[in-house]
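Which chain is which? They are A, B, C, D and E, in the order written, and residues in each are numbered from 1.
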Amino acid sequence: MLTKCVSFRIRSSDFRSCLGASVVVLAAVNVVSSTAMAQLAGGAQQSGTTASLERAKILTAPGVFGVFSTYKIRPSYYRLAATERKGAAPEVLAVVDKHKTKVIVDAYLTRGLGASSDYFLRVHAYDLVAAQEFMTDFRATRFGMHSDVAENLVGVTKALNYITKEQSAALNAGLSGAGYTGDAPRYAIMIPVKKNAEWWNLTEAQRLKEMESHTMPTLAYLVNVRRKLYHSTGIADTDFITYFETNDIGAFNNLLVSLAQVPENKYHVRWGSPTILGTIQTMENVVTVLSATN
Amino acid sequence: MLTKCVSFRIRSSDFRSCLGASVVVLAAVNVVSSTAMAQLAGGAQQSGTTASLERAKILTAPGVFGVFSTYKIRPSYYRLAATERKGAAPEVLAVVDKHKTKVIVDAYLTRGLGASSDYFLRVHAYDLVAAQEFMTDFRATRFGMHSDVAENLVGVTKALNYITKEQSAALNAGLSGAGYTGDAPRYAIMIPVKKNAEWWNLTEAQRLKEMESHTMPTLAYLVNVRRKLYHSTGIADTDFITYFETNDIGAFNNLLVSLAQVPENKYHVRWGSPTILGTIQTMENVVTVLSATN
Amino acid sequence: MLTKCVSFRIRSSDFRSCLGASVVVLAAVNVVSSTAMAQLAGGAQQSGTTASLERAKILTAPGVFGVFSTYKIRPSYYRLAATERKGAAPEVLAVVDKHKTKVIVDAYLTRGLGASSDYFLRVHAYDLVAAQEFMTDFRATRFGMHSDVAENLVGVTKALNYITKEQSAALNAGLSGAGYTGDAPRYAIMIPVKKNAEWWNLTEAQRLKEMESHTMPTLAYLVNVRRKLYHSTGIADTDFITYFETNDIGAFNNLLVSLAQVPENKYHVRWGSPTILGTIQTMENVVTVLSATN
Amino acid sequence: MLTKCVSFRIRSSDFRSCLGASVVVLAAVNVVSSTAMAQLAGGAQQSGTTASLERAKILTAPGVFGVFSTYKIRPSYYRLAATERKGAAPEVLAVVDKHKTKVIVDAYLTRGLGASSDYFLRVHAYDLVAAQEFMTDFRATRFGMHSDVAENLVGVTKALNYITKEQSAALNAGLSGAGYTGDAPRYAIMIPVKKNAEWWNLTEAQRLKEMESHTMPTLAYLVNVRRKLYHSTGIADTDFITYFETNDIGAFNNLLVSLAQVPENKYHVRWGSPTILGTIQTMENVVTVLSATN
Amino acid sequence: MLTKCVSFRIRSSDFRSCLGASVVVLAAVNVVSSTAMAQLAGGAQQSGTTASLERAKILTAPGVFGVFSTYKIRPSYYRLAATERKGAAPEVLAVVDKHKTKVIVDAYLTRGLGASSDYFLRVHAYDLVAAQEFMTDFRATRFGMHSDVAENLVGVTKALNYITKEQSAALNAGLSGAGYTGDAPRYAIMIPVKKNAEWWNLTEAQRLKEMESHTMPTLAYLVNVRRKLYHSTGIADTDFITYFETNDIGAFNNLLVSLAQVPENKYHVRWGSPTILGTIQTMENVVTVLSATN
């Protein structure tokens, strides 16, 4: 199973697809099978020597930390000389390279798609201190120094809780039976989820039943929306971070409407706020695009 | 059926009407028939060569992306030399022109009519990446660079959900039977709408019934308020973006009171916040007015 | 009936009373009869030539737009040279004068009485575009340019909805039977009001009953509190803007407590937030006081 | 009964106790009898000539305005030359002195004890315009000009509402029977309180009953916590401002827990937000401490 | 029982463990027995002469004040010359040293782990004025002067309320029977907790029962999560400050999920907001790391 990142070019923009081969979905395992995913990544931060982290592994293992941080560039950045801004991308890439044995960094452009940020980063690490050290170094670059953090959520991956082979065999099979077959995704969406005390005080069996109702309508979207889940209770002001990749925003909207229509929705106290929609880009492209002026 | 933009001049201000000929209303099709709409648009960004997008088509098709972004000008803009601010409008218009084969841009002046913004843009595109690329270029102009984004909502148009010929024939006929006959609208209003879990967990039939109650009192206002709807669940922190054009603010206030008086209102968790009220202007006028100092 | 503005001087401050002769109260008509109101206004912006708007008429007519905007002065203003700040008042007055055939402007000092603003403006116009044009010109003055808008609410006046001669004869008579007899008011209070879906879904008869309960305890305060109401549903994130003038803050506090004690209060989702309390001043005085440094 | 302010020095800080001799408590009269209160105040702003306001009287009379404003110093202040900052205290004291015939000013240091402010002022005046004039002059000093207002609440004192000799004789006697006997208080706490529509729609008798339950557990704390109440409905976004002085923070915490445990708490929509905790200081000390840099 | 702070070095970062030997847990006593804790602290601010406060004692005594403050560094800091920033750490350490007879200061790095802050401090003092004096001096250093306070909560320690030997013998024994045996903790988490009026209006017996349900699932985590509790009702906008140290974020997440699953959770009106996650560091390291640029 090939699980490297995919860089490609559609309509004059660089994109990179980076979910990993075996994706833990919201409550399921989503086997990725698109041909696009079979290509090898060539982005600077993934062009790895043998010392780099193995992307396929860290993106599918439990017990991995995922840090999502969204940033807004301060106006002061554009008062720097153009040549100084031109040097920003190599400087950031050098920091990514320095930490490549400990963290994997994905970058997304959100400018024009949401008010709260211009870009966001997703950092994976086996050790949370390593993620913090990367973040600290990133913020010490010129680009990072002129960025304000808007949101910064920490989560950790876990094995499946509910829709397991043992507890819910048919649905588990359904989840494994279909994989992403759409175009290489150009969009990623990050949505924090927090549930109320009533949810957490349901019995295990009741929560399983609700998660089955939740999973049912999502089966149809396995082919065009990839999903990954992080747990955050107690380490951020959210219970979960849900992450999606798609190339079909219309289908994604339909998926989310169908999730709104199951009873589980009644237990949400946070679902979004913010909803972060970005295009999947190389880190180099994110820094370069945001460094340009007319 | 002529559906181009209309530029006109009322009491010393430039206005432009830009909804499109066949308007998808909140839950209906609204055939626009005002004579004003029969004139051709002459605004810079619509004076299109054959390469420009066809306005009538993109404004009525399903599956089109609508990006609404509101902006506030930073004080720093007014510390620029007057000559530099004078160059702002041509610079912005050049960016609009550069993207005219992929996006259509409408501009509105909100200064003095709301606290959260000075102006807002509505961008339509068949491809969301194209909209982002325009936004990114716009923000790289001097005017865009000195603007702070206050709100930025992404929506997508869809075919009618509820008040269709099949499901609700009489109301559907009512909606098609009346068109806008008022003066060319000088005002546009953008109101985000989010519904709670109880709404989404109603049966399809219950939601249809509520939307019929919602549609009934709106029929009387087809003649003086135009409407258009965008879907946003999962791609913004709202379920819908509702957009209106009118020249009769009093009638519009009455319409919204009548919508407050139907049971559907009980399912709202967001209705406004912000409510954005602006005057319909050419992009050139928006930039020029906001660039002036005493 | 004389209904011009009143300028007077109490304890070293300039005040101006500006409600208009026939005041539409929250749910009633309030005939103003104080002797103070019988004097003619002498403030710069009211010293009108024949071309000026007739104050008495615009303040009592339905279908008039009222724009309330609150402002906070940015620290940068006080870094301007004192001579530049000295020129601020004449510059603002010139703008008021330029627009006097289309808008009437009232100014209030809020510094020291609330955290969110230093002053606020109330602008009346028959045409909302005219109000926007004034606001835009005002913001282009040095004083306006160094002001941040904190709140900006648009409302429109209407004829009485509930306590009419036909629907509620006795209360209507009560409202007409008493007029303001207190000292010329030095204070104005602006309180936005938004009602929930339950309120709007009551029957007309139920709402009339609630408004009668609301009106009853207010009769006693007609003599020392003047009131005016604006409708904002759909054009601002509030349903109503309630505006008061008084010289007796203790009585006003009692009035508002008595309004809190009627069932209508249970339907409020916004009542204040912000509550804006200011002293009634001439525009010249507001600008001059806020331009001074020790 | 001596009721002047007390200045004293504990562990290298200047403190001043300023509640007044006869304190209107939350729902009671609290006779202050500590020996500390028997000393005379010597602070600059109280060292009054005969023209100064009588502190004991204004602090116990009904119908007096209390303005509470909290401030945060802007970073720009510390970019001023040290000599300029050294001149700040005399400049502020001169303004306090100028207004001493119309207002009484108390100052508190909050830096390090809360995030929203560095200091707060409590201003008493018989005429609210006089309080505004002081505030306006204070903000025109260098120190005031570099301060941002975080909260600014206006209240007015009233005679007792509930626990009167007539309505609740035993509790009224209990309240009068004990006075403050602790050390001179070094701490002041300001907590805004807003009650919901259900509270205000209770009958007078029901509210009296709840206030008796409220008063009962507070009797034990009369000896170590002083209290004063201001009414704000309609003139600020709160119904009450509650003000406390104590030297025993642990006892104060216990008092507030006991107030949380009575049914009245169920009617709160605002209790704190912010809770302001500060040390009682002279105005001179507040300005001097906050003007120092390492 | 040895209770000094522990400094150690894991993967290129300095850490310090500082909870104290006998830790008051949320509702229990947690005897710390890890070998790591048996080492002596060597951090600058603890390397104390005999005049320093005794750490073990102040961290376990009731009636001690704990002030938690979170900070964000302003962009202006990075515009200072590098040499000036290099001097920041010694300057801060000198302030810590100056106050060491009255306060104990712990420092944590939060950059990259949360959006609201870059670092936070925990200050313990027997006298709250002493804590304020330290904070004031800290803010007067270059580093403090360029820091914005994001949150600042004051709490006080108390003896156990619920799970005492008398009231709940078995659970009390369970709490005493297990101690922390994990690796020296690298992470600290601070979570404010506020409970609603329903909670506070329960009987003492009902609250005891809920706290027993709360305590039960926490026993299993005594070995890898340390806990300490502060009371804040009336002195901050929270009822409690809960503080944790752990080296196992996954276990901590499980602990917090189990606390979400007991009925007590239904009484929370604030649980987090913010949740502050940081790495335990020496003060020197926090200042040095945040002072560096690429």
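Miscellaneous remarks
The rule is simple: a contact is a pair of C-beta atoms (placed from the backbone, for glycine too) under 8 Å apart; a residue touches a chain by one contact, two chains touch by 3 or more.
Bear in mind that the values here come from a model prediction, so they are computed numbers and not experimental data.
Here the chain-to-chain distance from chain A to chain E, counted in touching steps, is 1. The distance from the centre of chain B to the centre of chain D, each centre being the mean of the chain's C-alpha atoms, comes to 50 Å.
Computed from the mean C-alpha positions, the centre of chain A lies at a distance of 31 Å from the centre of chain B. Starting at chain C and stepping first to chain D, the touching chains follow one another round the ring as C, D, E, A, B.
Those residues of chain D that touch chain E in the complex are listed here as 10-13, 75, 78, 109, 111-115, 186-187, 189, 191, 249-250, 252-253, 255-257, 260-263, 265-266, 268, 272-275, 277, 279, 289, 292-294. Chain B meets chain A in the complex at residues 63, 65, 67, 69, 74, 76, 91, 95, 127-137, 139-142, 145-146, 149-152, 154, 156, 158, 197-198, 200-201, 231-237, 239.
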